[in-house]
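Quick one: structure below, then a few questions.
Going in written order, the chains are labelled A, B, C and D, and every chain counts its residues from 1.
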Amino acid sequence: MNPVYYLYLAALLFTIGATGVLIRRNAIVVFMCVELMLNACNLAFVAFSRLHGNLDGQIIAFFTMVVAAAEVVVGLAIIVSLFRSRHSASVDDASLMKL
Amino acid sequence: MQNLIALLVAAPLLGAAVLLCGGRRLDRSGHLIGTLLAAVSFVIGVVLFSDLLGRGADDRTLNQHLFSWVPVGGFRADIAFQLDQLSMTFVLLISGVGTLIHIYSIGYMEHDERRRRFFGYLNLFLAAMLLLVLADNYLLLYVGWEGVGLASYLLIGFWQHKPSAATAAKKAFLVNRVGDLGLSIAIMLMFTTFGTFAFGPVLHSVGDAGEGRLTAIGLMLLLAACGKSAQVPLQSWLGDAMEGPTPVSALIHAATMVTAGVYLITRSGALFNAAPTAQLAVTVVGAVTLLFGAIVGCAKDDIKKALAGSTMSQIGYMVLAAGLGPIGYVFAIMHLVTHGFFKAGLFLGAGSVMHGMNDEVDMRRYGGLRKHMPVTFVTFGLGYLAIIGFPGLSGFFSKDKIIEAAFAKGGTEGWVLGGAALLGAAITAYYMTRVMIMTFFGAERWRNAATTSPDEPSAEPAAEHRGEHAEPHPHESPRSMTIPMIVLAFGSVFAGAFFGIGDRFLRWLEPVTGHQEGNSPVGAATVTIATMVLLVVGAGIAYLQYGRRPVPAVAPRGSLLTRAARRDLLQDDFNHVVLVRGGEHLTRSLVYVDHTLVDGVVNGTAASFGGLSGRLRRLQNGYARSYAVSMFGGAALIVAATLLMRAV
Amino acid sequence: MSFPLLTATAALPAVGAVATAAVPAAKRTAAKWLALLVSLATLVLAGLVLARFEPGGDRYQLTESHSWIKAFGVRYELGVDGIAVALLALTALLIPFVILAGWHDADPLETNSSRWRPTQGFFALILAVEAMVILSFEATDVFLFYILFEAMLIPMYFLIGGFGDRAHAGSDEKAAAQRSYAAVKFLLYNLVGGLIMLAAVIGLYVVAGNFSLQEIAQARADGSLSMATGTERWLFLGFFFAFAVKAPLWPLHTWLPNAMGEATAPVAVLITAVVDKVGTFAMLRFCLQLFPGASRWATPVIMVLALISIVYGALLAVGQRDIKRLVAYASISHFGFIILGIFAMTSQGQSGATLYMVNHGISTAALMLVAGFLISRRGSRLIADYGGVQKVAPVLAGTFLVGGLATLSLPGLAPFISEFLVLVGTFTRYPVLGVIATFGIVLAALYTLVLYQRTMTGPVKAEVSAMPDLKVRELVVVAPLIALLIFLGVYPKPLTNIVNPAVQHTMSDVQKKDPKPAVEAAQ
Amino acid sequence: MRELAAYTTSTGEAIQFWVLAVFAVLGALSTILMRKAVHSALCLAGTMIILAVFYLANGAYFLGIVQIVVYTGAIMMLFLFVVMLVGVTAADSLKETIKGQRWLAALCGVGFGVLLIAGIANASLKDFAGTGKANAGGNVEGLAALIFTKYVFAFEITGALLITAAVGAMVLTHRERTERAKTQRELSEQRVREGRHVPPLPAPGVYARHNAVDIAGLLPDGSPSELTVNKTLRARGQIRDVSQEAVNDLKALEQRSADRLERAGTEEASK
């Protein structure tokens, strides 16, 4: 079998994640979906690194994880403070560009 | 010597500047300054005149080039003066009569707190008028032309608190503007035809231009002349212009400004000679006006308006003569000068009468004044004799010549024009006699000044002043007023003879205007006799009407013609209905259109855009997720695009 | 590299504007004086420019050129030809009078407002406008010009919307509403024009590859840059539209009466005498130079529109009840004359148009400022509310009359020359149009004299019976303007000397020659 | 293992892929479809672990481990933590509030996916150079070499990013106490002043059969009273009310006892 299938899988996961971002209202779930998309990308990178036979792809994936970690930290912090201020984690409630 | 020319204009201009900008501190001395500077320019005029006399008949043209005024491409207008016999004649007339009238005004305007301003305006007028006759190109002439228009506007409206005066002033300026339209178009035509509009080049290269263009230019010049000289159909302003102080009427609306049209036509003689059609138009206008004015003059009870009518008709004579071409120019100018004398004299007389009668202008409230103001009576009488052309007085010489020339035109035109001129002479005799009798003879109708004034549009100024004093006390005017009248009387008596006998004037002007003897179908003697007869008839009728029977204090209803004539032969009504009303409606509707249509279209588009944006705004619902959708869609599109690119 | 005089001339008022705005709220008078001094200093610099400029010399002089945005070949390029110099001088000349005339217009109504500082803002904005206008006259880089052309809308917007007449017909809220309407209208009209122009500017860049007016014009002249006829016409229309809105040309004129009516008199002068001139100036400099072919192509239509503006504006002026709107419509008529002269494509027409810009600036300033003084006294813009002022305040009436006479272009006053040149220039090529345009002078006389008669003459109205005559400050504003009007009317040579060569250049750009007189043509 | 990730792919890997891929996709789908955040989180964690396995299979051993440790271990736990904070079982309705959002989303998703897959499909990726050579010196060493040479700056910057993120999180969540905490006395006074329920709240679960805290106590008329349940539970909508049959057999009980008493009474009477 050809590692290109990993790419198909990545594409699939990415799309699912994106769709999730669009349809879910709960900010936390939205975040998870973002994570899912990131992971899909990582998978693609890894697969590519295998295809090209060098490690740069993995490096990028690694950095992606780090950045994802940072992003999650900040994002969740935001969600928490949001929840504190309005007792809901729905992204639709934040439709007024202000808290 | 020619460097003096500029001073002619400069002196009164300086006066105007000083008096108008000087402020109240000059109220004391203002009138003296004004008069002095007017006199100065007269003296300079005399000096130059003597210089010209000293020269040969052919090099009597002085030029002074001050500086290039508007040089743009082929368009060259200079501030340059040209003094030849024609201009000289006018200079002397203008500055001479002007000075006299300055002197007269000292007395006449004594009690007006704005006298300084009045003299400033008078000086301004002198400067403009001198510029008009001294300019050596049409554009500079145009400056003078409008300048006198402005001066007359200011002077007619001098008593601005009177709405009638303000309106009259505006009317005068506007009608003049219509004339100026003609002048400026004429200048443009000259520029396109000759590439210049300086007198010399234009008049010399007339031969090269097509007659069509020349006719057009001529007609435009005629239009200008009509405006300034109150010829039909632009005469309507002159009557109202009598709202101004009487000296103004004497100086501007009798002696000088209104003759500018004649000057223009004579000055462009060469051009008219080459355009017979235009000439014919000129003669027709002249003939019509001289009758028109005369008829109006017969009907007016306001002494000044009666005189205004006569002015109109006298200028009609001049224009007629000028239209006759080389056979007429000289006599046109000659009549112009003599008319300048006696008409100014008559107006000053009228002013003096009004002065004595608390500014009463209605002749029906005069009568028997000869005992109370003898000097006025005598001078006015001499002027009267002069204007009706009493043998030996100046009017006789000049007018007679014109009538002859009119016949000399030859053909039916000649007969028609000549006949008109003769008829005009008769009517002149009639209305002048009427004025004379109503004013100085008969019962003293002012004794019981209680009855109301005839309801006649031209009587408001009188109405304003009536009732101030129950009964006027006629008295002779101060010396400052009588002296000018006496001088002018002299002029009106002897000028004609001095010019006419031995053709002095003819020889003087001929180099400029050119002259040719017309071959009159009827001998000069015949014409003279005919004139005399008609004169006697006209005067006689007037005597029978007003001398024998007492003059009713209230104007009788009169015949249809009379009533029409009282209303300036319905000219004003016509203007009002057609121009004023029409114009008002036009502007009103335009204002409406501008608000609704022009503005509406734009606002409409704006509104539709607003609606559109209102729809689009719905997309911006603030939900992060719907933004995300569009982002995602965009991303998809981009991917699609890249794939397509790579596929292609 | 000599001293960058042009930059200095534009930079000085800009700096002055910032400084004025920075003056603390309490020191209102200081701000006024600062603004006045700055404007006078600018006038001095403008005088230097005038002195350094040799009429016979190169087409563009005192040029400066620095690279600005390399990526698009946008350069900071300055240079003045005769036309620009004349208008630059006019602007620098008028601003001090505007400032002096508006001396009290922006005093806060309630004195204890410590944080609200309208006065500083007012004068700072005026100076800002001056800076941008001057620079736009100097800019020879299309992009730079475009930016200024748009940027000057901002301060103008605030000047119109923010500072209305103290004295107002109707209640204050109503006045404020009308004012903001006028301001928005002004902004929208000009923005739309500007956007269309932007498209054209970009198009020009696509075609020509750079923004330098001189290079492009050069290339157009020697044929190294040839545009497709269609392209050229579209670009021309894009530019012309913007300028026609600013100028304003019928039927794009409707913003002007509102703006001039609602703004204070000095601001109105700023609009019509200074800012609008940029439009007509730009027609001469950009439309004709960059798109000669298209200009010739569009001439008939534009001439007709200009003619309509003349007659239409005059007629509407006759119909106005509001003094300022009357002057505004008169200005529309005058702008018609200017555009007529520009597109007559004769040296008389274009010189006349240029002189007209200058003279109209001065005469309208005189008339409008005096009208402003009048309005500030009585507190109403309606003609019907006046009458007999002449008896109460003769000097005011006199100056008003002179201003009016200048507006109806009385011979002997400056506007006459320019108007007559325009008429002659038009007549030599289009006799019929010339004649029709000439009727404008009668209408001009009509609306001016009607205005004068209704306001100044007749019996004295009760409300105006106590009206004071012109104060010293106001005299200082009006007298020089009138003197200038008379001087330029008698001796316009200094101006024509500067303008003529530039006009000759433009004429050669559009490859037009003055038509020969009939006599010579016959031979 | 190293060979496994080398130049070829073994059937074993193929099987592994096909089996796990299915689960991965299912996990992803259930992530976005579960009503409760907790379930989503768990499903996501599952997917991630599967991905970790795939990493390993692709010879990215380091990443595989990191994936498990960092993602599944740290990040997902963080998620769960927050979920708890916000409310474990608080299920958000999947009902769409924005008009057309779901359709658009589906459309975009499908379209995008199709596009991606199509793109990958028409890319020529037949032959591939495995990670064998790259991993020759050991995967971790290889990565380390790259990170500390080629990508060193990126690495440093990432460190800075992490620090910033940490600080940012603190700033966002930490609340400075502006006024001192109210004492019990003040609180009670405040309650009295506001006229809110002055005595302590009633206790829940008042019946012998269930004395759980999440059971609302009954008012005399038998209707449950929200007040009796703890606030947090209320917020999470976790109140188990006294089910009707409970009330019914309560009645039945009383009935029976009443009968018995009665019967006793009659027996007494028969004697």
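A few notes on this one:
Everything below uses one rule, namely that contacts are C-beta pairs under 8 Å (C-beta built on N, C-alpha and C of every residue); 3 or more make two chains touch, one makes a residue touch a chain.
Computed from a prediction, not measured in an experiment: that's the story for all the values here.
The most central chain, judged by C-alpha centres against the centre of all protein C-alpha atoms, is C.
The distance from the centre of subunit B to the centre of subunit D, with each centre set as the mean of the Cα atoms, comes to 104 Å. Subunit A and subunit C have Cα centroids separated by 60 Å. Here the spacing of subunit B and subunit C, counted between their Cα centres, is 37 Å. Computed from the mean C-alpha positions, the centre of subunit C lies at a distance of 70 Å from the centre of subunit D.
Shown for subunit A are the residues in touch with two or more other chains, namely 18, 22-23, 25, 92. Shown for subunit C are the residues that touch two or more other chains, of which there are none. Among the residues of subunit D, those in touch with two or more other chains are 98, 101, 104-105, 108-109, 112, 116. By the document's touch criterion, interfaces exist between A-B, A-D, B-C, B-D. If you check the complex, the residues on subunit D that touch subunit A are 5, 9, 11, 13-14, 17, 21, 24-25, 28-29, 31-32, 37, 40-41, 44, 47-48, 51, 54-55, 58-60, 62-63, 66-67, 70-71, 74-75, 78-79, 82-83, 85-86, 92, 94, 96-98, 101-102, 104-106, 108-110, 112-113, 116-117, 120, 125-126, 128-135, 139, 142-143, 146-147, 150-151, 154-155, 158, 161-162, 164-166, 168-170, 172-173, 235. Note for the complex: subunit D touches subunit B at residues 98, 101, 104-105, 108-109, 111-112, 115-116, 118-119, 122.
Touching subunit A in their complex are the following residues of subunit B: 621-625, 628-629, 632. Residues of subunit A that touch subunit D in their complex: 1-9, 11-20, 22-26, 28-29, 31-33, 35-36, 39, 42-43, 46-47, 49-56, 58-59, 61-63, 65-74, 76-81, 83, 87, 89-90, 92. Here subunit B touches subunit D in the complex through residues 621, 623, 625-626, 629, 632-633, 635-636, 639-640, 643, 647, going by the rule given at the top.
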